[in-house]
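Note that the chains take the letters A, B and C in the order they are written out, and that residue 1 is the start of every chain.
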């Protein structure tokens, strides 16, 4: 915890994924919500097969999903999603010829059944 | 909003993913539940590494997960999942030699913390 | 139902994914919680683009997400996640030079709107 997924359409050729993941993680660390920086597990996935809407328009997306152990307030979640969206906006700035949607979702993980182990123990 | 994921085992060689995504999106547009067609962000992912059950039988799957902002009724969700399943059934019809499972899940996204921006603004 | 996702960083070179998926499925079958073994749809995804935390340390992860139809007790979910974590621990044992995080999350799928069909019918 937390887990972060960055999903994006692979027509966002200028997206620097490595740099973006690091910035997203730094933003989470800077939020003060997480005890240890190593807890943040971020991964990115490019989609070659995608379709935004039905109109024949060149479109793209970059979406973050942040999964947290349940229990955080709505205010904290809003702050986190807003700050992560700012990172996306910096990362996807030059989109000439594309309609691009950026979004951030925060989701809860069931705290009672979540288990984790760190190796080596 | 909405986000749609189509996940399928890569032994479904005859699945026309591009066509299926467009049909899924058209079905969502036709539901009248969404203000703008461009809001629908659908993406597909083939899995080369999968295992259905434990028996040594040739099996496959195609699963849709539709993520909506929270607040829609159970009836609306049932209508959406049923209509999306019909699209899957049309898309995956010739499955000789394979046991195929098709499924649709509808999931809620927390409305309070979800943020989105459209570029160019 | 159930759906199982195994996500892992692709620096876990020694992970035998095929074997691990089968063991995860056998564990679910052995739990007695599922009517038919073929219901278990497990898939795995390697991430080449990932970032754990912000420190310049060699890190890795392997995370299972198990999605169940809503209604199972917290105790059942805890038993399932614990037993799946044991499988991960056996699968990812030799991690010299890497900090590895293994985790299991159990999530509910909305029972009312979930639909499934098995082909051929």
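Note that contacts are C-beta pairs under 8 Å (C-beta built on N, C-alpha and C of every residue); 3 or more make two chains touch, one makes a residue touch a chain.
In this text, all values refer to a predicted model and were calculated from it rather than measured experimentally.
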item: Copy-to-copy rotation for subunit A and subunit B - C-alpha atoms, rounded to a multiple of 5°; value: 120
item: Copies subunit C and subunit B - interface residue numbers shared by over half, same or different; value: different
item: Inter-chain centre distance, subunit B versus subunit C - centres from mean C-alpha coordinates, in Å; value: 21
item: Touching two or more other chains - residues of subunit B; value: 45
item: Residues of subunit B that touch subunit C when the two form their complex; value: 7, 9, 45, 47, 49-55, 57, 59, 61, 63, 74, 77-78, 80-82, 85, 89, 92, 95, 98-108
item: Contact set on subunit C toward subunit B in their complex; value: 1, 3, 17-18, 21-22, 24-26, 29, 36-46, 67, 109-110, 112-120
